[in-house]
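The same chain A turns up in both complexes below, where it pairs with chain B and then with chain C.
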Partner chain A sequence: MTALLEVQNLHKSYGSLKVTEDISFSINRGEALGVIGPNGAGKSTLFNLIAGGIRPDSGTVLFNGLDVTNFHLHERSIKGIGRSFQIPHPFGGMTVFENLLVGASFSAKLKGQDAEALAIDVLDRTGLLEKANRPAGELTLLERKRLELAKALSTQPALLLLDEIAGGLTEHECHELVELINSLRKEGITLIWIEHIVHALVSVVDRLLVIDFGVKLDEGEPHAVMNNPKVQEIYMGISAE
Partner chain B sequence: MEWINTIIQGVLLGGLYALFATGLSLMFGIMRLVNIAHGDLIVLAAYVGLVVVETLGVHPVVGLIIVVPIMAGLGYLLQRALLNRTLGSDILPPLLVTFGLSIIIQNLLLEIFSADSRRINVGELDVASITINDQISIGVMPLIVLILAILVIFALQFLFYKTGLGRAFRATSDDQDIARLMGISNKHIFGLAMAVAMAVVAIAGVLLAMRTNFDPAIGPSRLLYGFEAVIIGGLGSLWGTLAGGLILGISQAIGAKIDPGWQILMGHLMFLAILVVRPRGLFPRSVD
Partner chain C sequence: MSRISSFEVSRSTRASKVALVGWIVILGVLISVPFWAGRGDMRFLIEFAYYLTLAQMWNLLAGYAGLVSVGQQAFVGLGGYMLFAASVYFGIHPVIAIPIAGVLIALISIPTAFVVFRLRGAYFAIGTWVVAEVFRLLFAQISSLGGGSGMSIPAKIVKEIASGRTERDMLIYFTALVILVAGTAMVYLLMRSKYGLALTAIRDSEPASDSLGVNIFKTKLTIYVASAAVTGVVGALIFLQKLRISPDVAFSLQDWTAAVIFIVVIGGIGTIEGPIIGTLIYFGLRSLLSDYGSIYMIVLGCVAVVMMLWAPKGVWGLITQKFDLQLFPVNRRVTWK
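Here is the complex of A and B:
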């Protein structure tokens, strides 16, 4: 199986602050990778490097065998890299439905009724159908989080980057989210998920990647990684069970 | 009755100001671009209109079919080649570059067309009017301008709220980076936004040329009226911009009624008064 995403020796510094130092990993089509690490470890920077928000100082990002390191943000979105942010960014002045039509028509390149059908399907799956015609700016925080995921799905991603999507959810909501994410996996969407709620993460992902101070600390089967003494040092008292 | 006539004339004048302002409103609303060259682009469109009408011998309104695409195309190229490079977190570069553009356009027009005052001849339409009673009569030409201004705003509302391109404009206006993440090329969308704005500029320029005399130096004062109308109406609201244009027109008409020398002053005073009472304009789009 060929890798869908291959990240090779990524480096990124802001002045003397190294936020990403020689990070390499790859993920196969259909796989799910969890990313953990303390706050400020460079997890979100890694997402920005993959999705195209920032360019690395050196290193390459291969997507589907294509070198996308110098691709623009919108080009990567059209190629199939979708992402959701930790802090939701809805288009506040547009309705929830319109928010999804943007991705459906410009990233997934669907026209007219096809775009609408995709938007409605995504609304249904993320539980936002009743809110379709409400302005996105009026949503509650939980609804905004759902919309954030829905917007990423409206671009029909082959690779979906989720940034701390479970933060602030109740146990029940978290369970629903895990079910939704598992159903996405079944459809063949490849996932990279940054999450502090490790038990939710471990219930979904095949592998874990641990980052600390911009450096890859460990990578592998979730339980093995969580049992690594160095990882336990960071995540004191948090077990994978 | 005389005052009613004054207000009607003000409304008609306001239609033209609203057209001046709509292009500015679009550029600022979508790209946060403050275009100092806006007035000069209107004058440029007036000259393009003049050349088209005189060369082809067509009616100016028919000439719009040619002038609008020319200006829209120019707008797209201008945005892609120059203005996109000035946009960023700093507001100063677009101001400086469009200020320079303003000087360049004025001097180019002066070089090509001289400083003579020109006008597009519309024949009988110029003096045609609808007489309501012995004190009120409505000029046909100003009425056409007002109706066109309203149609333009209806068309833009439709474009913004009912089409995919409009959603892209609104999404980009809301958050550029997130719009890009949704597959929108912001540079292309900005080019299209400028093309739409310049299409409106083309209409405003040709109508200006049909209504009054113009020369290469009148751009900056058109810019000022445009700015005032946009700010009175509230940034980012198209209907607000129309209202701003009408308020400015009515104020000027009332000023002129009191004393001919007060026409321009009265418009500025009304602008300042509204800024004092409603600093964000009459119909601000949102609290951001």
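Here is the complex of A and C:
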């Protein structure tokens, strides 16, 4: 089986601050990988390196066997890498429905009614159907996070990158989110999910990747990783929350 | 699930349907003007039409694509000079020369874009102005086009434009009307298409639109080129009416960009309705203050500053705050059957 995504020896520094240090991992088609690590560990940076928001100082990103390291963000999106932003970026001047038409038209490259049908389907799945005609700028923070997930899905991604979308959800909402993500997995989406809410993460993913100070600390089966003393040491504070 | 198969996407509202009838009536009246109005009225309407078209183009650029240019006079001047060169030196009928100027200016604007797009924000604005100044100085050096003092279209060519003076006025009037309607329609159709979606997305968040597959550079370049081409076409029209051109008039910052920015800001930036209202206000103020000379510019400046502070969305913004109105419906509304 060829890997859908292969990340090789990625390095990224901001001045003297090493944010990503020699990170390598790969993920097969249909797999789900959870990413954990303390605040400022470099998790979102890793997503930006994969999705194309920033370029690495060195290292390679292979997607579907293709070297996409120097591809623009929009090119990677069209190739099938969809991502949500940790801090929501709604298109405030558009309706929620129109927000989804952007990805459906430009990334999934659907036309007219096909794009509209995808937008409506994604709104329905993410529980935003009622808000279809609302300006996205009027949404609450939780709704904005849902819109982030919906926008990522509107690109019909092969690889979905989710950056902390469960924070602030009630137990019930969190359960719904896990169900939605599991149903996406059944459809064949490959997933990388950054989340501090470890129990939600563990109920979805096959493997965990732990990052600390830009370095890969551990990777493997979730329970084995959580039982690693080094992981417990740096992660105690967060998993106890 | 049941709702998914039974939705409909619409844009028109009752107000916009009434507005459409209104636009058709206005267009009908405008078409009839040459058959009953005087020369002066037609001159006024031609000027109104070209200012409104310039305003729609600057609004497309600044209001929709976020490219705040103060150098659109570059394309007005180029359009004018191309009309003169084509008709005087190549014997092309001036009205035919107008679209040719548009195509050539579209081509010229591409390398220009690669220069100014390297700059951001205020530097972009200054860069566009510098480009326009370079063109002005350049044309002042071309002696075959009259150098710094400019040139007039020879009487022989003027006579060839149309069979008589009335016919010539009528031809220029209808050309202006066609350019206005086509320019406005271009903005409207563009904003309703997926490119309009991309432009609004880019305005609201560049990283998010990029990650949703929007090619930001290509989108902005397309808008820049389209707006330059139509601005050039208007330039050709302006100097066809004036029959005389000089570098200082052709590349005038005050006439072709400052006044246009005033129109768009007063009327309401980022809307198609705004430039229409802004042009009405501009011409209204101009005729009110025409006897007071330079005070007129000072009053315009004060009105602009007050509007920017009190109503940054312009007069049209004030109107839509009170009434849910769209005369050019762009937004999509989902309804369930």
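The rule we apply is simple: the second predicted complex is superposed on the first by the 236 of 241 C-alpha atoms of A that agree within 3 Å, B and C clash if a C-alpha of one lies under 4 Å from a C-alpha of the other, contacts with A are read in each partner's own complex, and residues count from 1 in each chain.
The criterion applied here is as follows: contacts are C-beta pairs under 8 Å (C-beta built on N, C-alpha and C of every residue); 3 or more make two chains touch, one makes a residue touch a chain.
Since the structure is predicted, the reported quantities are computational estimates derived from the model, not experimental observations.
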When chain B and chain C are modelled together on chain A, clash or fit: clash
Contacts of A:132 with chain B and chain C, given as first, second, both or neither: second
First (chain B), second (chain C), both or neither touched by A:94: both
First, second, both or neither for A:154, with chain B first and chain C second: both
Which of chain B and chain C A:124 touches, first, second, both or neither: second
Of chain C and chain B, partner touching more chain A residues: C
Which superposed partner A:72 touches (first chain B, second chain C, both, neither): both
Partner chain in contact with A:105 - chain B first, chain C second, else both or neither: both
Those residues of chain A which chain B touches in one complex and chain C touches in the other: 51, 53, 72-74, 77-78, 82-83, 89, 91-94, 98, 101-103, 105-109, 151, 154-155
Chain C residues touching chain A - in the complex, by the definition given at the top: 1, 3-4, 7, 9, 194, 197-198, 200-201, 203-205, 207-216, 331-334
Residues of chain B that touch chain A when the two form their complex: 164, 167-168, 170-171, 174-175, 177-186, 285-286
Of chain A, residues touching chain C in the complex: 51-53, 72-74, 77-78, 82-83, 85, 89-95, 97-98, 101-103, 105-109, 116-117, 120-121, 124, 129, 132-133, 151, 154-155
Chain B contact footprint on chain A (complex, rising order): 51, 53, 72-75, 77-78, 82-83, 89, 91-94, 98-99, 101-103, 105-109, 115, 137, 151, 154-155
